[in-house]
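Listed below are the structures to be examined.
Across the two complexes that follow, chain A remains constant while its partner is chain B and subsequently chain C.
And then the complex of A and B:
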């Protein structure tokens, strides 16, 4: 951890109590002037400190801002989020993470933004992310996997988000194949997986998560009214993004390790228990056209299996799915 | 075609005969000064023109330089190579083509270089390309295909190169799975396929071809002596690169169209007739370790099938293959 992280951790562990300048300076091995400078920086980011002569400083309020230090303090992961890039506003966390990947950034590198001006959705669509309300994150993975297995990681990510939502705020979300996360039928989270690869080796895999946390109905643009929701709308109260993000990273790492060790089977089982698509009559729209049938399940590679009228089974790799009850 | 291309075409069609300034100026609708300027440019690139008062100009010699105009004139493709970027020297045609892809370059965009300073091979290896001797090219494709099918395009490209070599200079080359092209057991060409994609859609596919055309034995670095060769070494005479490149593009487009229309089956058949790997005892080295067995063939997705001692068949996605007679 760097000095800013250590400093923030000290104040959080002190639980609102005063810490003297001498003690901080001794424990971090930096001058009191340096400490004062760091505290001023934190104040600019919205942190509130009380300073009292002879007693020192105490942390009165920490804002829900997803800066690296705030995420790092209390983060229990081994790899994911060990390197964090935070931006108040950025065109797209996916694009930034792609750049970092090209420059050789390590597995687990996290790009997170308070606002995206050109957030990317699946199949070249737009993902709306108004300032201050949501989690827009992109995570760099470098699995030694064949191309063929990449779709499995989109499904794995969906499982991690659904299980985190349940643990974190008791919400039971569903997964709509391949990568939409719904609450009461409305979309609360989108997942976009992009990759750079050779025909026989993945170079880098960028997992993007756009999660509507504190969005209010009026935040949503016209075109998604009635089909989008947020955790705040569903819970009726705002939620802190940082602990939620930390928990997503922790659960994602746990599932990713399980996947690398045991393969897709155990993840697939969990995915199926959350999947709202499976066992339903569906209409599938693909680049090649549309078809209707019964969504039987997914195969070992994460492909959707749709049984047609004539009994034949069609493999669906990429599509928009409309569910008919 | 632009003016430079039209001008070059006129001179080539004239077959060494004189064309008057008036005629050129009339047919191309540009001033005689402009024509003179263009001819001077061509001279700087190694073209030799004879200029005689009242008769005009005639093309005496055209160098074997892979500039866009030289490739375009007489190129019969519909899509491939319709947009060409030529560089006397560049770090890597793959990297440049990746950039162009990100900027939205159209399918068929070709990046070709006379020399690569950081030529890329498969699995992060180096590809040697000394100045002036070889063809270093990267082609941008944008097929509406699932990720899973990408390896098929590496095999398709190998077929196109082998068939071109046979047509162009009567050489019978073999393919060593997945992407080495050999003449008498020595490597003459390497193919590298890279892609950018979503988990369910290919954004861009960069097909790189490094072909040793006029390399002489002394050109090869120590580490590839005895295992690398060139067309010149095998034929005992130098070859012109431009017509060879044009023929590769033509054959590649023909196979690509066939593939998009009829799928991998017809390409697979042709690949198998050139494959030196199939039906041999092989040792496979993968990221996970090495194994020995009998190379039975490739499956529908281009994966190598290796039958083990115990009769089981292992699917090989990525590996170095050593062939034991």
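And then the complex of A and C:
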């Protein structure tokens, strides 16, 4: 941890009590002037400190900002999110993460933003997100995996988010194949993954997650009204994003480790628990046309199996899925 | 390479017979037909060896087909087979000395970053090792395929939105 992270951690551990400038200076090994400067910087981010002569400083309020220090303090992961780049506003966290990947950033590097101006969806669709309300993140992975297996990680990510929502927010969410996350049939989270690889070696696999946390109904653009929702809408109260993000990273790391050790089978089982697509009549839409059938399940690689009326089974690798009843 | 009517014929024969499984391999293309025993489900899994130009029967066909498990009609538009000894090719391409850019995974082929955008590469374009030539998507994982060769694109072998198999040739490149 760097000085800013250590400083924030000290204040958080003090639980609102005063810490003297002298003590901070001694424990961090920096001058009192340096400490004052760091505290001023935190104030600019929205933190509120009380400073009292002879007593020192105490943290009165920590805002829900996704700056690196706020995420790092209290994050229990080993790899994921150990290096964080935060931007108040950025075109796309995916683009930034790709740039960092090319520069050699390590596995687990996280790019988060308060606002994305060109958030990416599937097939060039736009992912809408008003400033300061949601989690827009991209996570860099560098798995030593067969390329063919990489799509499984998109299903894995969905499991991590759904389990976090359940445990952390008490919200029961479902997965629409392959990895859209729905609450009461409305989309709350989109996951998009970009792979850069040579035929036999993965350079980077960047997992992008857009989670609607505190968006209000009036903030959704007209074209997604009725099909999108946020945690705030579902819960009826705003949520802090940072602890949620920490929990997603923790759960994702746990599942990623499990996957690398034991393969897709245990992840698949958990995915099936939350799947809303399976056992339903569905319409599959692709650039080349559409078909309807009964969603039987996924195979051991994560591919959707759709049984047609004639009894034949079609494997679906990528499509928009519409669920009927 | 099998033609669609041949596969259809084989399926009929298997269907009428008492055998439950049938495999055949020719020119790097493998056809496996399984009957689901007492269940009514039967399906074809066409797998391809790396050199083959497979029939992407998993591509959702626009309309339900009367004959259950036959490859989608796309087979007939499939690009010229890799091997020149293959009996039939809609449009034979002399690929002697040409480099094939192949798909590293099963998925949907996209020639452009988004529908309506200009394609990553077209015939006549010069590519370098790290030039992105297309995207292959599976389960919302987007794989940007790099040329991994320096040269000129001489043929695009697949259609936008088509399902491609592992190892399926996507482009022919005249190396520099």
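Note that the second predicted complex is superposed on the first by the 325 of 325 C-alpha atoms of A that agree within 3 Å, B and C clash if a C-alpha of one lies under 4 Å from a C-alpha of the other, contacts with A are read in each partner's own complex, and residues count from 1 in each chain.
Throughout what follows, a contact is a pair of C-beta atoms (placed from the backbone, for glycine too) under 8 Å apart; a residue touches a chain by one contact, two chains touch by 3 or more.
Source: prediction; values computed, not measured.
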For this session: Using the superposition on chain A, decide if chain B and chain C clash or fit.
Result: clash
For this session: Could you look at A:193 and tell me whether it touches chain B, chain C, both or neither (first, second, both, neither)?
Result: both
For this session: Would you sort A:201 into first (chain B), second (chain C), both or neither based on which partner it touches?
Result: first
Exercise. When the two structures are overlaid on chain A, which partner does A:317 contact: first (chain B), second (chain C), both, or neither?
Worked result: both
Exercise. Who does A:154 touch here: chain B (first), chain C (second), both, or neither?
Worked result: both
For this session: Once the structures are superposed on A, label A:70 by its partner contacts, choosing first (chain B), second (chain C), both or neither.
Result: neither
Exercise. Between chain B (first) and chain C (second), which, if any, makes contact with A:114: first, second, both or neither?
Worked result: neither
For this session: Answer with first, second, both or neither: which of chain B and chain C does A:144 touch in the superposed model?
Result: first
Exercise. On chain A, which partner's contacts cover more residues, chain B's or chain C's?
Worked result: C
For this session: For A:307, decide between first (touching chain B), second (touching chain C), both and neither.
Result: second
Seminar exercise, completed: Of the listed chain B stretches (207-215, 225-233, 279-287 or 315-323), the one clashing with chain C is 207-215
Exercise. Hey, what residues of chain A end up touching chain B and chain C alike?
Worked result: 122-123, 147-148, 150-151, 153-154, 178-179, 192-199, 287, 317-318
Exercise. Any idea which chain C residues touch chain A in the complex?
Worked result: 40-44, 58-66, 68-69, 74, 102, 104-108, 110, 113-117, 137-144, 146, 148, 159-163, 166
Seminar exercise, completed: Touching chain C in the complex, chain A uses residues 122-125, 147-148, 150-155, 178-179, 191-199, 205, 284, 286-291, 302-303, 307-319
Problem set entry | Sites on chain B touched by chain A in the complex | 122-123, 144, 146-148, 150-151, 153-154, 178-179, 192-201, 203, 287, 301, 317-318
